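There are two complexes below, and they share chain A, which is joined by chain B in the first and by chain C in the second.
Entry: the complex of A and B
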């Protein structure tokens, strides 16, 4: 697809995403973590069930605590006992996103690609282009390379706890040591593979 | 932010990410490799061959400035170095070099109609599932702090 956006428009779009995501959802923006929800279906549905059973309001929660206290001690302590609660400065982390949100995110992301394709007006073809075909062909070997390469991506991002958005974009922008190291590692490894391909078959 | 259901907000972020990645050319295998090789096989480094790298570095700079302005007093989600950081980063880079897709790019490619990317997405999910089983057995922490 030609007619790319200029780099600064992309920088603006990609740069605003993690900030807006934090301000709206109070979570750290990262795609691999969300996609990881989709492979632990049983655990994620257990979380949904627990959330459905959890008390919905402060009053419900206090009523439950009172009942538990009565059961344990026979009576409630006289008066209101103030609890020593540390009030965090600034905005705290928001509630964890579950499997339904993750699925919506992934589907919408594919939708973004579809709209981009309709906007461009021509289909990109089912494969990865001429340079990829020179390196891996367009048969079983190519599909195998995609599955195996994809598995490395999935395993690597799980081990490193983040991908190009979680570490490369969000974590690097917040100068987190784990993110800076992970970003340096995945960029170096990808550059190595890319140089090898360019040297052997050209790009 | 109770007015907009969270699932709608999350989907909007996904949509924007997919659209921007695609319109920038991040879903093009050759463009991604031109970025990784700094344009070495496409006429040398220039504003056009370094386009994606500029977009990415620019995005990090903008995000950094944005966090400094809008999230100055907020709790920062910590991303420490741990056992999987280096190994995981290297494996991810190897895979990205082969498929041309990080987890998001592979999904966007599929949305564009590059059906071969379905193999990449399937691979990513298989890899995530396997790595979770292995890290659970090794007692490593994984997938705990990133969204």
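Entry: the complex of A and C
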């Protein structure tokens, strides 16, 4: 589609995002993980309430930890109990994004898609492309295919613990063996199904 | 602190928000000795992480959440 931004702009954006995410947040970037957070909204808000009720000062935190330790173990150990591994120095892995930040990201992602679509001269609205329309039409079959596809993506990314961003961009860039295998598998499956559908509709 | 044990250590220590706080006082290491080594599967934080559940910052390994009096629920 000639009205879209050049391919390399998208590639740059997709490449920069996981790197910037790691540099800023010290966490691996994955869209499916962020979207998955929205499924358990009640639990996420319960955690927000718990964190809001956490002690604000170091002294209060230490006092609460001491009290909890006495409650759990009867008394505070008389001497030093070494930690099994060193506390990470420098910038350790950051806390994962909160539910509100995850929601903001997902909304912004949809917004980016809309901006890109408008920039390309298309009217706002669902548009899956000519090949999809030829394969599934625009009625109940199309809707069913999208629902089934979405469910498969959700189940697959949960089983594989990542998606095309988590494994494909972030994990593969870090040469994680599991991510390389996962990316090879889902890319092969995607190409196979794409060719199958293309063959079915004569593309 | 150095690795003082050959026991398996919880794989989440580098990302656990509670673990660094156990280094605030020497006596708090007793939590890590019990829950971060060897039998870390019994840690409530580990279990929540394995189930991809959200984890409160101050969820203790025994399942209790530290809160100031009158804070939260």
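Quick note on the criterion: the second predicted complex is superposed on the first by the 169 of 203 C-alpha atoms of A that agree within 3 Å, B and C clash if a C-alpha of one lies under 4 Å from a C-alpha of the other, contacts with A are read in each partner's own complex, and residues count from 1 in each chain.
As a convention for this text, a residue touches a chain if its C-beta (ideal position, glycine included) is under 8 Å from a C-beta of that chain, and two chains touch if they have at least 3 such contacts.
Being a predicted model, the structure only gives us computed values, none of them experimental.
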item: Partner chain(s) touched by A:40 [first = chain B, second = chain C, both, neither]; value: both
item: First, second, both or neither for A:187, with chain B first and chain C second; value: first
item: Chain B versus chain C as contact partner of A:137, first or second or both or neither; value: neither
item: Chain B versus chain C as contact partner of A:109, first or second or both or neither; value: first
item: Partner chain(s) touched by A:61 [first = chain B, second = chain C, both, neither]; value: second
item: Larger contact residue set on chain A - chain B or chain C; value: B
item: Which superposed partner A:171 touches (first chain B, second chain C, both, neither); value: first
item: Touched partner set for A:72, first chain B, second chain C, both or neither; value: second
item: Common interface positions of chain A, toward chain B and toward chain C; value: 27, 36, 40, 88, 92-93
item: Interfacial residue positions of chain A with respect to chain C in the complex; value: 27, 36-37, 40, 43-44, 46-47, 49-56, 58, 60-62, 64-66, 68-69, 72-73, 76-77, 79-88, 92-93, 95, 99
item: Sites on chain C touched by chain A in the complex; value: 1-5, 7, 9, 13-15, 17, 19-33, 36-37, 52-60, 62, 64-68, 71-73
item: Complex interface listing, chain B residues touching chain A; value: 1, 4, 6-25, 27-30, 33-34, 36-37, 40-42, 47, 51-52, 54-64, 66-67, 70-82, 84-104, 106-117, 119-132, 135, 140-147
item: Chain B-facing residues of chain A, complex; value: 1, 4-8, 10-25, 27-36, 38-40, 88-93, 96-97, 100-102, 104-117, 119, 123-132, 136, 142-143, 145-179, 181-195, 197-198, 202-203
